[in-house]
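Going by the order they are written in, the chains are A, B, C and D; count residues from 1 in each one.
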Amino acid sequence: MPSPFIDLARQLADAGRRFDHRGWVLGTSGNFSAVVNQDPLRLAITPSGAWKGELAAADILEIDEACVVLDGRSGRPSAEAPLHVEIVRQRAAAAVLHTHSLWGTVLSDRYAADGGVAIEGYEMLKGLEGVATHLHREWIPILENDQHMDRLAGVVRRTLSSQPACHAFLLRRHGLYTWGKTLPEAVRHVEIMEFLLEAVGRTAHRSNDGGHQDPC
Amino acid sequence: MPSPFIDLARQLADAGRRFDHRGWVLGTSGNFSAVVNQDPLRLAITPSGAWKGELAAADILEIDEACVVLDGRSGRPSAEAPLHVEIVRQRAAAAVLHTHSLWGTVLSDRYAADGGVAIEGYEMLKGLEGVATHLHREWIPILENDQHMDRLAGVVRRTLSSQPACHAFLLRRHGLYTWGKTLPEAVRHVEIMEFLLEAVGRTAHRSNDGGHQDPC
Amino acid sequence: MPSPFIDLARQLADAGRRFDHRGWVLGTSGNFSAVVNQDPLRLAITPSGAWKGELAAADILEIDEACVVLDGRSGRPSAEAPLHVEIVRQRAAAAVLHTHSLWGTVLSDRYAADGGVAIEGYEMLKGLEGVATHLHREWIPILENDQHMDRLAGVVRRTLSSQPACHAFLLRRHGLYTWGKTLPEAVRHVEIMEFLLEAVGRTAHRSNDGGHQDPC
Amino acid sequence: MPSPFIDLARQLADAGRRFDHRGWVLGTSGNFSAVVNQDPLRLAITPSGAWKGELAAADILEIDEACVVLDGRSGRPSAEAPLHVEIVRQRAAAAVLHTHSLWGTVLSDRYAADGGVAIEGYEMLKGLEGVATHLHREWIPILENDQHMDRLAGVVRRTLSSQPACHAFLLRRHGLYTWGKTLPEAVRHVEIMEFLLEAVGRTAHRSNDGGHQDPC
């Protein structure tokens, strides 16, 4: 029987191949984590600078809540590990996935002045945990990007705390963060969000031309 | 010799891989069925919440006309099973396929006020059963999305009954339903429709800019 | 040693997988041929209604100049076989490939009133046989689509005869025909043309918005 | 233990498959090199006219600084080999990669009058060697395309000399050149640049419609 860590590490590597195929983690972008243990907190997390389409389970690192690598291994966890820890705490998430798609990047910029993107009326919204109807209105906050991870983790904390219903957020010109109560749920949330962002991106475009449609 | 059910189950799983590759069934969206027996009606159908790119034949369920799973198996059929049963009845179809593509979603919204999209003049239309010339005019009805499956099944019944020539319909901001007299014919109809929707989507866009083209 | 027919049949099947991956032959669209013998003319050609991504060499048919299947085999050659024969004659081509891409379809309609698309200034043009500089101006004629194959073959003959320099033509709202002195050259011409059509398609779009660019 | 040449040849072939999957080297376009030895200079380089998705290590050629093939092999190196030699000298690069993507081609034309494209504010910029913040402003020079390789090599030399910070340049309507201190770094630079060019391409488009956004 594989240990929980190995099993999660394999699933994180699988997610990497899936997202790489879609072009959502080009150039070693993106990072993923899954909770190995809640208390004390132990996270399986992708290493810094790895190609997500070529990850092996052996590449995945185990860190504690201070983002220190356990077991004396030499790798360096993703620089954004503090955001993963913050999200796990705020949402009791079992997995956190960060992708870096074209449409996520473009929309995070297009709607930055509004502070977020609202998406409603799409059947695909039902793929988000707890959503039972396409009439649901999902607000995806957009946070200014920041190289100071502790400061950014604070912004993430306050955002998730003040917006308890949101399933994801965007970092401006950076990408998407989403999560789930299981790793497959988090993977599903990535696919749902990336689809919706592209749908809004292409619809809004038209709306600007013709003026008869409000995309969000 | 494989039973008809197993053979159809394998073909449904193959269709899932094909459509997943194209990005038409992201995030466990979409659902597929094929007729195992006409009278009494028995359908092979995809389970609720499955990744369509990773389906195995063993994941496929068999249901009756009331959408009850046979053989005591524990899975839950797609929530949209009543629509499949309705389409099989109205069209004497051997297979029903529902995809959830970007362009299907975008166009189902763009043309919702018109009640449908008309497509004509494309050679690709000849891929639709019974169509012999690109001059054919295909009307794809757009139905308002609805979480009440029985009510929506009624709308589907009335739509198909009043529009006997249509090969497919769109649910608004939801996706495409098409069917065929065989499962391969239904797969072909999906590819034809998805192609045409994207072609119209990109052409209409231009038309709006330049004003010299009526896409439908 | 494989016979010339078998070897060409395998290469045609390989081309099918390549183009299917790109989405250029959806829904059994497209057809391909290669010359097995020049005099009397013998063509290896794809059968009608086949999925191009799943072709086996055994699916390929051998026809004569009247498009009659040889060797008593039961398949039906592509309905557009007369166009292949015409192109082989007019251009002394060793292979003829017809794809059905999104951008080929969209551009064949956008520029139909001009009778063709002119493409110049692109390095990619050097991939066309006999072209040594990006300053080359390639004219791609657009022919009205027609279900009468003999009549359309006549239009193809007159077009190729009057425009001896062109490497390809478009059928309106139908797709691309190109060819080569070898089968790999014809495959290369498909990829070059599909790239150029998409580049022009996306550039022209912008030009219409901003008015500062003449795409062809 | 494989020789350095064989090892690099395999990595170049791997890069070819990766970029072919993305559609960045259609129709035998693109060319790649890696430094086998610095003094005297020896480059492993792709041959002229090869499909980049089907390269074997045995197809890769070894050339000297005059672009002469060593070891009496009969192949012909890429016609753009002099540009590779020039870049290796100017940047002390270990690898040089030239892709030919849709968006690289479109943007190299759209911004030709400005002499280049400026990209700033994107997290993805941190994937470029030596860049530590998304606030970085990257200038990608655009050079007029030229069939005279010696003359073009001179333009490349002067451009890289006068712009010591740039990580890449575009040839107009031709494609992207980038490089790295290792071959994996060069591969990462390709993916970063192609992503950024598409992001700018899609954002600038919108900007032109709405006027409220300056993409560079």
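Keep in mind that, in the parts below, a contact is a pair of C-beta atoms (placed from the backbone, for glycine too) under 8 Å apart; a residue touches a chain by one contact, two chains touch by 3 or more.
Treat the numbers as computed from the prediction; the structure is a model and nothing was measured.
Shared contact partners of chain B and chain C, listed by label: none present. Homomeric contact chain C/chain D: same residue numbering on both sides for under half of the interface positions. Superposition of chain A on chain C using C-alpha atoms only gives a rotation of 180 degrees, nearest 5. Ranking all chains by how far their C-alpha centres lie from the centre of chain D, first place goes to B.
With centres taken as mean Cα positions, chain C sits 43 Å from chain A. Taking each chain's centre as the average of its CA atoms, chain A and chain D sit 31 Å apart. In chain C, 205, 209 are the positions where the chain touches two or more neighbouring chains simultaneously. If each chain is drawn as a node and touching chains are joined, the picture is one closed loop, every chain linked to exactly two others.
Contacting chain pairs (ordered by label): A-B, A-D, B-C, C-D.
On the chain A side of its complex with chain D, the touching residues are 23, 26-29, 100, 102, 105-106, 109-110, 145, 147, 171, 173-175, 201, 205, 208-209. Residues of chain A touching chain B in their complex: 22, 121-124, 127, 132-134, 188-192, 194-195, 198-199, 202-203, 205-206, 209-210, 213.
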